[in-house]
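Each structure below is given as structure tokens.
Here come two complexes built around subunit A, the first alongside subunit B, the second alongside subunit C.
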Partner chain A sequence: MNQVVVHPERCVGCMQCMLACATAHSQSGTLFGATLEQPLPKSRIHVGAGRFNEGFPNRCRHCDPAPCQAACLAGAINRVANTGTVMINPDRCINCASCAMACPYGVIRFHEDPLGPPNRQIAVKCDNCSSRVVRGLIPACVEVCKTGTLTWETVDDAMRRKNREVSRAMSSGGPGQPAVPDGVALLKTIKQAELEIGER
Partner chain B sequence: MFDPKISLSVTTDGDPLYAKARKDGIETVWERHEAQQPQCGFCDMGLSCRICVMGPCRVDPFGEGPQTGVCGADADIIVARNLCRMIAAGAASHSDHGRDLVEVLAGVAEGSAIGYKIRDEAKLKRVAAEYGITTDGKEVLTIAGELADAMMEDYGMRRKAIQLVDRAPQKRRAVWEKFNLTPRGIDRETSEMMHRTHMGVDNNWVTLLLQGMRNALSDGWGGSMIATEVSDILFGVPAPRPTTVNAGVLKADQVNIVVHGHNPVVSEMVSLACQSKKLLDLAAKKGAKGINLVGVCCTGNELLMRRGIAMAGNHLMTELILSTGAVDMMIVDYQCIMPSIGKVASCYHTKMISTSDKAQFPQMEHIEFHPGNAEKKAAEVVRTAVENFTNRKGTPFIPVEPQAAVGGFSVETILGALGGTPEPLIDAIKAGKIRGAVGIVGCNNPKIKHDYGHVTLTRRLIENDILVVDTGCVSVATAKAGFKLPEAAAMAGPGLQEICKALGIPPVLHMGSCVDNVRILVLVSALADALGVDISDLPVAGSAPEWYSEKAVTIGTYFVASGVTTHLGPMPPITGSMNVVKLLTEGLGDVVGATFAVEPDPEKAAIFLRQTIEDKRKALGLDSRNVA
Partner chain C sequence: MKHVIIGNGIAGVSAAEAIRELDAKAAITMIGDETFPPYSRPMISSVLEGSQPHSKLPIRPKGFYNDLSIEPCLGQRATAIDILGHRVVLADGSTVGYDRLLIAAGADPRPVNATGLELQNIFYMRTEAHSAAQVAALPGATKAVVLGGGLVGFKAAYGLLRRGLQVTMLITSGYPLSMQVDPVAGQMIMDEMSRYGLTVEVGVSVTGFTGSGKVAAVETDDGRSLPCDLVIIGKGVLPCRDFIPRGQIAVDLGVVVNEFMQTSAANIYAAGDVAELIDLARGRRWVNALWPEAASQGRVAGYNMAGRQVAYPGSLSRNVMRVFELDVLTLGDANPGDTSGYEIVQSGGPTSNIYRRLVIKENRLIGAVFINEIEQGGILRALIENQVPLRLPATKMVRRGFNFGQLV
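Our next item is the complex of A and B:
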């Protein structure tokens, strides 16, 4: 089963995934159109800043068992059997925020949503782009990610790939392959130094 | 990560004023910088391109996603084009500032620039002679008109080379000729830079960067140099004067007017209006003990250099200065004026006035100054400021006492202090009492703790017998740290201390605003000529520990292209191309005899700069040390 896998070491913090997510969950389906809608569609993926201001694309992990589902007394949260996606039913949500209290990742937001009931705040989170996937598309965040931070594959495939990369990096003899390209490593070193001297 | 509880500034007034701003609910540059995190890595690495509308494009630095833009430009080309456009913007800014001064000079000659005059006829004649204008028996205003005309030609395409490159040592000019770096016209090089970076023009990242250097030189030895020279002609050649710095220069019992920006054309007229008897009487009637004119940023430096006017702060202090509630009016011209400050001022009684026909800002009143009306407008706005004194809300918060400093070291006065020639300075360098000199220049940047880079680097260099000259926002930082008094010689190493005491100068010399970086070029040329060597042979270096602006990219580039190895604190957006990084940090050494180096930590940068100087000493056959 394919899912969105996050490779955080590759995130450059460009926030393209956030724009694509909001657009995918708009009524118009276009970026410009989405910015003119009322209510404004909002991203379900949240790029945060790490200790060294590196990006991290934080999104619903669709946990199993899902703490949010267990905490939802209204029964608004359920899991789609064949995809494993944890979904919030906007019509059943009572905006109590119990799911938010339970969520270990902090990826649930509360606002009026273009695809939810009008004039009412509800809990909103990643739905794995279900409506795109049934049309044969991949999730919008993965589609726009140019650095390979977000991939659409089975976790096993992702782990096998990573295993190969780690194994090659660990093998002795011959020129080692750097974990990240030189330019990326250089920029990271500079950013770390800037922050480190600020704490003196 | 950003934590407002951590100290944001090494200055004594920065943290208390930041706390005051927070208490007053003001959003500052630090909060906005935090809100931008994480900043886009494509942009940070120079890998995004917005030049044409087949794009926008970006290149994946991890090698899996797209490796070229729609047009086919790869990472090297995209990074080089982006950097070159920064250089063009920086050159355009400083050179356009120079153009405004040439217009005033022409206006004075015609009699249309009311209130302006030629304050230094000797300098006018010296510069006119360089332009081949005969001065004997001519009226001063005739010379001024001919000089303005000749300088206007420097901006165009009628010359093979701009005039003031002749000030560079012969060996340096030969390097520029060899690599086709001699700037032909000030605007021409900027225009050509923009042309070359248009889609489908120059797609060789090396030749792009070479044009970037020629463009930067057109500013350093052209537009910026003209700005400084004409300012000296119109407003006087700076000479050492005592002054004071930090937020304590604001006075609770006086009308406080702060000038902010870069161009002395406006601030000089405001300065005159502040001395008007009529307006001083009005201030007294309003209960104020006087009219206190102070500066922030470079227009303040211009006034400090020539009039000893006090400086309230540098770039990152501009919002905090307003949070004192003591500023009755801030008058801005252009460059480095954060569009946020109108909103900050709206929390207090402060009136905000924009003055330039090319720079308007939210929540400011626009009162346009031109050479023909500046005298009248200056009197008008100062009157409004005085009337605003009685509108103050509560007691101003001025957390510090002012720090004394000495500024105003033009090349003329430095050479004057040395007895008319650079020989005494050269002798001190040869004897090893002074190991060398570093020009520390540039801005503030919220990425670096406020003034930490400037103050730490300066301290380490003077401790190790390296003379520091500075300009722009650095000069405010080091003055606030107390380095700009003759007594500060005690903080210097034994050799530098001896020289400073003998000459009665501080170990850190304030050479002016950011266009005045050209004074450093003129000074190093004088040293090189006296030794019969190229600038790149001298034991000197440059540094911009907290730079942020496009102008700083241009300045750094004209320093390096002139043979001065230059350290940068923050990383320019070039890490997307290690080819560009290697060329700028290593390869340029074979071309212009100088390179860039990037190091945010000023402690490490000090070691790099000291070693650079020691290596140059060794090559000159002088005694040298191993620093690292």
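Our next item is the complex of A and C:
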């Protein structure tokens, strides 16, 4: 089963995924239309600054078992059997934030959502772009990601690819291929150096 | 294998589901004194407040018992456990035999010792029936008194304020939520509630209620009489343990269990508000009467009863309260009485509308209070729960941009 796999070491913090996510979860479905909507659609993937100011894309891992599901006071969180996606039912959510305390990744937000009940704040998080996937599309964040940070594949495939990349980068013979693209690695080094100089 | 579960709250329900997950055939009987379908107890405060209808309380489908082939035995309490005979005795004298027994009886409101409790419009706040009765008493009510400044007292006061009543809260301790938060956060919460019309009186106890038929005033221990037409008692809860044979099952405040949710008696387990187990932040036994705890403990108890050994490392207190414009999050041991040996990092406060407090012991996070911007609370909970040494200075963790990426 394909899922969104995150490779944080490749993230440059461009935040295009956030824009694409918000657009995908808007009423109009277009970037221009989305900017004019009320309430303003918000991203469900969150690019934060890591310890060295590097980008870190953070999204729901759809954990199994899901701590948010066990913590939900309203019985609003469930798992879709065939996809494994953990969903929040907007009509049952009471905005109590019990799930925020359960989530070890801090990826649940609370606000009014264009696709939820009007004038009421609810818990909002990644839904694996379920409505896109049933139409044969891939999740919006993956589609827009330019650096290979977000991929749509089975976890097994991702692991195998990662293993290959790492072993190639480690092997002494031949030109090898860096595990992270040169440009990304350079950007990260610069950011880290900047921060270290700043802190001195 | 015959499983019997006393209590059909979330701990009992989660245990039954876990047993069924592992064993399609085992017999399961659930004994519960509430006949309403499994429901969200915390949501009764939303019903009082008027933000959710009573009809939304159930959290499992109508056919729950049938779908999971559970034999429900509802409408009466278990009154005794006959350990030698492996059976539970019910109020009507009948008995239910078990191979494995789960005590998931939850807690009852702590009773108040006062005269006139039989008057109308005096309520506890624990069951869906209580909330229905409270809502029915609202028309015409204008002045309410809430006893207790703990979580339930607070939710009651908040709900009544939202319904437009004048509310006076009487608390015995020094400031509201003193069990959950430190004085700075307590003050911020109190200020917010006062802004919306709440009167709080500290260090006051109630000795009695007066009125003819209906409550008309509460009498305080300092000799005053406060007029009111509705009272909600929210002075905490006590584990339901009156039916438990003391000599045979270890009971402290709650029923004592080990990491497999086993009591001191063979084949008897306990979970939820009734259970007492190691608290991860405090490092000693504690009763954390909270929904997520009850759900997780119930599930782990169910797995163990069905034969899969699963350990539950310990419990942890955690809570979020939304009080008008404030979101208040508390975790673990947020307010240790004696702070020697603790490192406490605070930032923000009443003037900035954001407040953060971290309690650290031996470089491990053991407690936190956040006011507003609480979305990252789960990361802190995981840090407390996993008891990992902190790699990031605490001063960075109280900053607004703090996120999961900084920990990896």
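FYI, the second predicted complex is superposed on the first by the 187 of 200 C-alpha atoms of A that agree within 3 Å, B and C clash if a C-alpha of one lies under 4 Å from a C-alpha of the other, contacts with A are read in each partner's own complex, and residues count from 1 in each chain.
We adopt the following convention: a contact is a pair of C-beta atoms (placed from the backbone, for glycine too) under 8 Å apart; a residue touches a chain by one contact, two chains touch by 3 or more.
Since this is a predicted model, take the numbers as computed values, not measurements.
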So, after the overlay on subunit A, do subunit B and subunit C clash or fit? They fit
_Quick check for you: in the superposed arrangement, does A:Ala49 touch first (subunit B), second (subunit C), both or neither?_
both
Practice item. Using the superposition on chain A described above, determine whether A:Ser28 touches subunit B (first), subunit C (second), both, or neither. Key: neither
* Once the shared chain is lined up, is A:Asn78 touching subunit B (first), subunit C (second), both, or neither of them? -> neither
Exercise. Quick one: classify A:Ala100 as touching subunit B (first), subunit C (second), both or neither.
Key: second
Classify the contacts of A:Asn58 with the two partner chains as first (subunit B alone), second (subunit C alone), both, or neither. second
* Name the contact category of A:Pro181: first (subunit B only), second (subunit C only), both, or neither. => first
Request  = In the overlay, answer first, second, both or neither for which of subunit B and subunit C A:Ile190 touches.
outcome  = first
Task: Go through the superposed model and pick first if A:Asn89 touches only subunit B, second if only subunit C, both, or neither.
output: neither
Q) Counting only touches as set out at the top, which of subunit B and subunit C does A:Asn2 meet: first, second, both, neither? A) neither
Least Cα-Cα separation in the three-chain superposition, subunit B to subunit C, whole Å, stands at 7
Both partners, subunit B and subunit C, contact subunit A at residues 48-51, 54, 56
So, in the complex, the side of subunit A touching subunit B is made of residues 10-15, 47-51, 53-56, 145-148, 180-184, 186-187, 190, 193-200
So, in the complex, the side of subunit B touching subunit A is made of residues 1, 6, 8, 37-45, 48, 58, 60-66, 447-449, 452-453, 570-571, 575-578, 581, 598-602
Within their complex, subunit C touches subunit A through residues 14, 40, 42-43, 46, 51-52, 56, 58-60, 291-292, 295-296, 299, 318-320, 322, 327, 329, 331, 374-379, 381-382, 392, 401, 403-406, 408
Seen from subunit A, its contact residues with subunit C in the complex are 8, 46, 48-51, 54, 56, 58, 65, 67, 70-71, 73-75, 92, 94-110
